[in-house]
C-alpha cells in the first residue's frame, strides 16, 4: 500500500509530526514541513539540528519512529527504500561530494541517467544518440564539457560539487535535495552555483541545506530554520534572520 | 610481465607473434619449476613425502628426520648396491592435492626409486593413483583403518587387527571391562576401527546399550561435555573403558580434561591407538598414570636393537631428549626391508622390488623379526603399554608372537571374504567366495 | 634361592617375581598378615617406591625421605642393589592396592587418609572389612568422614548376601542420600536382591537419576560459561585490534600462540633452575607474555600495519602472510611437536559443587578472563592512554590536531591488543596444545565472537562470547559436537542478517558516514 | 550474447590474453602428446597436470576478482563454491567407477560399503549421468550463493561483516563435509577415480584434453568477465564498490547487482572446481578450509585486483612459487617465502603486479599528473571512503 486513496495534500513533499531517535537521542522531534511543487526552499540551522537526518528520512535511508512523510500528496515514503524513492523522482546530493571517483565524468553522468536500471538493462545496454545528447547538455550546464573524459576523482572540490548536481540533473528527478552545495567553494563558484540552482528550479522542486548565508540570501527563497529536530522559524530570509531565537541558537549575536 | 608480453605480441606481425607465443608457452611450461635434476647415476634417490608445514607437520616432521637418519646410517655402511642413497625431501604442506603433485614430481622429475611418506589416510588416498599410474613404491608407516591392499604400497603400520582387537581383548580379560565407550575423531580411521570393534564386541556378547560411540571434529579442544558423558556412562555399575581413536592434536586437551575431572585409570581406563611418546611429550602425564595405549613398539622396550637405535637417533638429532615412536619403527622396518629387497634383486627397478618384497624379513626393534606378507602388510607384535609419570609407557601385556596384518577386516560385512595376495593371485581384493579378483565381483 | 624365614617373608618375596599374578597374591597376603610393615609396603607399592631384586628376591622400600629399608625387616639399607627395579603395577593391581590400603588405613590417624580409605571401601565394598569400618565409624568424630564411613558401611551391607532386609533398606537410603554418580553406579550394579530391597534400590536409582538430570542442566550452563570465557579470552585482544582500530589481524592467533610459548619457556627455566617456584610459573608468565606479545605487536604495527590504515582488507592479507611466517618461525625454533606446559597445583584437579564437577583450571580461567576484561575496561575508561585511544579511533584528524601523537597511540593500541592475546595464550596453554597450530584453531571463533557481539563494543564481545559458549554447550549434548558447531555458525550467519552490525551495534548517522 | 558485447569487451590486452591462453591450451597438450619424450620442448605429463591445476586456480581467481575487484564484495568463502563444484564432479566420477571399486559394489562407492550404508542416499541420484552432474556443477554453488547473497545483500551486510560470514559459511561446510554421516566420504573425500565420459582419467590423452578444456573454460570465464566489466553493468558495479549508497540514491537496486555477480562468480568457481577434480584426482573437505579461500584472495591481490588478467596471473604466479619452494633444500622455509610474499605485495605493490604495470605503462604514455592519479584511483580497488563503512 504505497499509494493513498485520495490525495492528502497538494504539497510535493509533506512531513508531519516526524520523530526519530538514535539510542535515546532525539535527532528529529515532531518535525512538520511542506514543500510546494516548483518551490525552492533553503534549510538552515546549527549542527545537529537534524537537517541531514531529515534528508535521510525523505530518501528512505532512515525510517522515522513515527510521523507522516508524503511525496506528491499520495506516496508514503516511510514504507519505501532508497532505490524505490529515487525511482519515484527524488534526487539527492550529499553533504560531502560523492561521485564515482574512479570513473570518468561522462560515465558518472551516464550512470545517473534515468533509463533502465535493471541488471539486464545495464548488461545489454548500448548507447543511444538521445542519451549522449542529454549528457552533452548536462556537461554544458555544469561547465565540465572539457573534463568529460577525466576521472571524477581528479576534479577539484568545486567541480565535484557541480558534477554531483549534474548527476541530479541527468537523473531528472521531480524533487532535488541538495545538501551544502557550496561548502568549500570560492565566491565566484558560489555565485555560479546559485545561478545554476535557480536555473534548475525552473523545472524542478528543490530543497537546499546550506550554512552560507550569503548564498542563501542570493537564492532569495523561503527559508526554514531547524533546531533540535524541529522547525524553529520559517519565512523569508529577512524574517528568519531577525527572529530572536534563530539569532540566539544559530546566527549568533 | 604477462601484460607487457601481450602488449608486445599485439604489436608484432601475426606470424611472428604466433611463433613467439609458441616458443614462450613451451619454454614456460617445459622449463620445470624445479632446480634441474642432476644426472647423478652414482646415487639412488629416495623420496621423502612428509608434511613439514601445516597441521600435520607436528607428526610428520619426525618421520622425515627418521628416514634421513636411516639413509645416513645406510650410507655409512656403504649404501646400497655400492651406490650412496640420496634423500629427496619435499613438503606437501598438509595439503592433500599437493601430496599428489609432489608424489608425481618425485617420481617423474627426481626419478626416485622409492618413496617413504604420508601420515593421514587421505594423503595416502590422494597419492595412490599417482603411484599406480607411474608404477613406483610407497612405504606407509602409520597405523590405519585397513581395507586396502595395493600393488605399489607397502603398509608397515598396524592394521586394525594388529592394534585395536588385541587391545580390546586385553581390557576384557585383564580389566574385566563390560561397558565400552568408543570415542574418536570423525574421520575414516576411527569410523572403520569403531565399526570393526563394535562388530567384534557384539560377537563377544556385549549388548548395544553397553557401547557408546562418540565422534568429535578434528582439533576438538573443549572436552568438558564429553568427559562428563563418559563419567556418566561409566556410572552404570559395570566396569567401563574408553577406546580412543582420537586424533593427535585433540588428545592433549582430552587427557588434560580427564586428569582434571579426576577420571583415574583405575576407574575408567582409556586405551588409545593414536597416542604415543611424541603426543605425550606435550602433556604432564602424572594424572594419566595407568591409562593405556596399544602399539607395536614402545620406546621403553628394552632390547639391544632398540637401545642402539635410540642412542644413534639421539646422537643424529643432537637432542638427548628426542623420543622415538611406533611410526618411526615402522619406517625402520620398511626401510630395511626395501634395502634387503633391492640387494636381493640387485636392482631398484620398482617391478622387481615389488615382486621381491613379500617374504623379505627384517628385524624390528622389539626383539622379533617382521616379515612382509603377500598382502603387503607386515607381521608385528602387539604391546599394551600403561602411561608412566615420565611420559613413557610400561608394557603390561604383549601378544605371544607376531600378528600378521590383515588388509581386509574379517569383522566387516563388505570385506570379510576379501584377501590381498600379490604373490599368488596378483590381486589386492581377491574374493575367496567367488574366487574372483575385484571385490564382490558379482 | 636363599632360605626364607617365614610366611610373611615368603609373601613379600613374591613381589620380586615380576609377574602380575604373583604381585596380586603378595598384596593380599601382606595385607592380611597384620604385620606392622604391611601399610608401608603397600603404600610404597602404590607410589612406585617399592623395588625388588629379581636375583636375591629381596624387596626394598624407598621412604619418602629418600632412605631405603628392607621391606621384610624394616632395617636400613645403604643403597639399592644394581639390578633392583620398581615393582610394576597394572590397573587391576592398582585397584587391589587401593582396596588393601583402604582396609589398612581405615584407622589411620591422618584424617585425609581415613577419608580416602572410606571412599575406596565404598567403591570396593569388601565384605571382610565390615567390622573395621564399623569400629572406625563408631570412633570417628569428624563429620564428613563419619558420613563417608556410614556410606562405606552401607555399600558393604548392600553387597553382603546375608544382611537383613531392613539393614539393606537403611543402606539404600544412605546411598540414595549420597545421590552422586558413584552412588548410582553402586545401586545399578547391585545384582540379585530380595524384592523389597530391589524395589527400594530401583526407586533410589530413578530419584538419583532425575536429580542428576537437573544437575546436568546446571552443568551445561557451567560448561557454557567456561567455554565462553575461553572464547572471550581469545577474542578480547581482537576486540581491540579489530573492534577498536578496525585492523583485521589474522595474526591474532599467533599472538596467542606466542603467549603460550612464553609460558613454556618460563616453565622450562623454572624447571631447570628454580623448581620450587613452579606454582608461581603462571604468575610470572602473565606479565612476560603480555610484554613479549605486546612488543611483537608494536613492531608489527610500526613495520606493517601503519602503512595500511584505512584498508582493512589489505591488512587482512598482510597479517595472514605474517601469521604464516610466525607459525613457521616458532616451528623452526621450538620444533613442530607439542610442548609440555604443566598445570601448577592450584590449577589441577576439581571440586564437587552439588552434583557437578568444577575443575580448578576452568574456574581460574573464568575468573582470570573476567579480571582481564574489567582491567581493560577500566583502562580504556579511566587512563590517559585509554582516553587517547578512544579519541584517535573516533576521530583521528581531530585527535591529531589536539596534540595527541596518533602514531604512538596506534602502536600502543595494537601492542595492547596483542599483549592481551599473549595473556590469553598463558591461560590457553593450561587446557590446550602448545603447538605452532595453537593460534589457528582460535582465530575463526574469535572473529565470530567479535562480529556477533558487535564491532567496537567490548561489552558486545563479552555478551557474544558467553552467548555462543552457552548455546554451544546446550546444543552439544543434543546434536553432538560437530552438528552443534555447525548450528552455531548457521545461527551467526542468520543473526547477522537480522542485525548486520552485531548484537551491540552503534546506531545513528555517524557509523554510516 | 549479442555481438556488440563481445566486440566491446575485447580490447588489445584482452585479445592478447585470450590468444595466449588459447596457445597454451593447444600447444602444451600437443607437445606432450606428439613430441618424443625427453625432447627439449616436450612437456612431461606431470607438468600438464600441474599447469591444469594452475589454470583451474586462475578461473577461481577470476571469479573472486569479479566480485572483489569490481564490486567490492570480499568473499572469504569462495573456496566453498569451488569445492562444491568439485564435489559435484567427484560424485559423477565416483559413480563412474561402478563395480571396479575395491568391493566391487556396482552402485555404492567404496566408503559407503565399508561404513555399511545399505543404499545410495537420495542426493547421490542422477550423478551417474554426466549432463546432470555438469548441471549440478553450476546449480549447487549458484543456488547456495543465491540464497546466501539474497539474505546478506538484502540485509545490507557489507564490508568485513560480509567477509566474516562468508568465512563462517565455508567453515560450517568444512565441518559438515568432514562428517562421515553426511555421505560424502568424510575426511578422505572422493578419490580413486577411473574414467570420465568413458576415457581413462589417468591417460595422457585425457589429461591433455582436460587441460585444453580448462584453458577453454578460462577463456570463456575471462570473456564473460570482460563482457560484464566493459558493459554499463560493469560501471554500475564499480559505482557500487566505490559509493554504494550513492548508487542506491541514483535508483539502482544494489542488492540485485550484487546478487547477480555473486551468483555468477560462484558458478564460475564451481566450474573451476569441477575441472580441478579429475586433474588432481581427489576432492576432500580441506578444500573448504577458510585458509584456502583466503589464499585465493591473495592470488588476486598479488596479480592486481580489478584487473582480470592480473587475477589469473596472480593465481599462476603464487602457485608456481608454491610448487617451486616446496621442493628441494628450501622446503622447510617455504612458508617464510610465501608469508613474506603476501606482506611485501600488500606493502610495496598494493595494486598488484598488473595494476602496477598498468599505472607505469599509462604514466609513460601520458605523462600527465592527472592520468597518474586517474590510474591510481582506478586501480586502488576499494576507496578509503568505502572501507570506512
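Each chain gets a letter, A, B, C and D, in the order it is written, and its residues are counted from 1.
Note that a residue touches a chain if its C-beta (ideal position, glycine included) is under 8 Å from a C-beta of that chain, and two chains touch if they have at least 3 such contacts.
Here the structure is a predicted model, which means the values were calculated and not measured.
Student: What chain sits nearest the middle when you go by CA atom centres?
Tutor: Central chain: D.
Student: More C-beta contacts across C-D or across B-D?
Tutor: Answer by contact count: B-D.
Student: Find the geometric centre of each of subunit C and subunit D from their Cα atoms only, then give the gap between the two centres in Å, rounded to an integer.
Tutor: Spacing between the chain centres: roughly 44 Å.
Student: Just the number, please: Cα centre separation of subunit A and subunit B in whole Å.
Tutor: Spacing between the chain centres: roughly 71 Å.
Student: Indicate the whole-number Å distance between the mean C-alpha point of subunit A and the mean C-alpha point of subunit C.
Tutor: Spacing between the chain centres: roughly 63 Å.
Student: Find the geometric centre of each of subunit B and subunit D from their Cα atoms only, then give the gap between the two centres in Å, rounded to an integer.
Tutor: Going by mean C-alpha positions, subunit B sits 33 Å from subunit D.
Student: Please output the residue numbers of subunit D that touch at least 2 other chains, ranges allowed.
Tutor: 175, 178-179, 245, 332, 335
Student: When you check subunit A against every other chain, which residues touch at least two of them?
Tutor: 61, in rising order.
Student: Would you please write down the residue numbers of subunit B that are in contact with two or more other chains?
Tutor: Those would be 52-53, 186, 215, 217.
Student: Within the complex, which stretch of subunit A touches subunit D?
Tutor: Going by the criterion above, the answer is residues 59, 61, 81-83, 86-87, 91-92, 94, 98-103, 107, 110-112, 114, 117-119, 122-126, 150-151, 153-154, 167, 171.
Student: Can you list the subunit B residues touching subunit D in their complex?
Tutor: Against subunit D, the touching part of subunit B is residues 1-7, 9-10, 17-18, 21-22, 25-26, 29-30, 32-35, 52-53, 89-93, 95-98, 100-102, 104-105, 108-109, 120-122, 125-126, 128-130, 132-133, 147-148, 186-188, 191-192, 195, 215, 217-218, 412-415, 418, 428-429, 431, 438-442.
Student: Where on subunit D does subunit A make contact in their complex?
Tutor: So the residues of subunit D touching subunit A come out as 2, 4-5, 227-228, 231-233, 235-236, 238-239, 242-243, 245-254, 256-257, 260, 370, 373-374, 377-378, 380, 383, 385.
Student: Write out the stretch or stretches of subunit D touching subunit B in their complex.
Tutor: 12-13, 15-17, 19-20, 23-24, 27-28, 31, 40-47, 49-51, 53, 99-106, 110-111, 113-116, 175, 178-180, 186-189, 191-193, 202, 280-282, 284, 286, 309-310, 313, 320, 322-324, 326-328, 331-332, 334-335, 353-354, 357-358, 361
Student: Which of the residues in subunit B end up touching subunit C in this complex?
Tutor: Interface residues on subunit B, with respect to subunit C: 52-53, 55, 57-58, 61-62, 174-176, 186, 214-217, 219-222, 224-226, 228-229, 231-232, 234-238, 249, 252-253, 256-257, 259-262, 265-266, 269, 278-279, 281-284, 287, 290, 292, 386, 389, 391, 394, 396-397.
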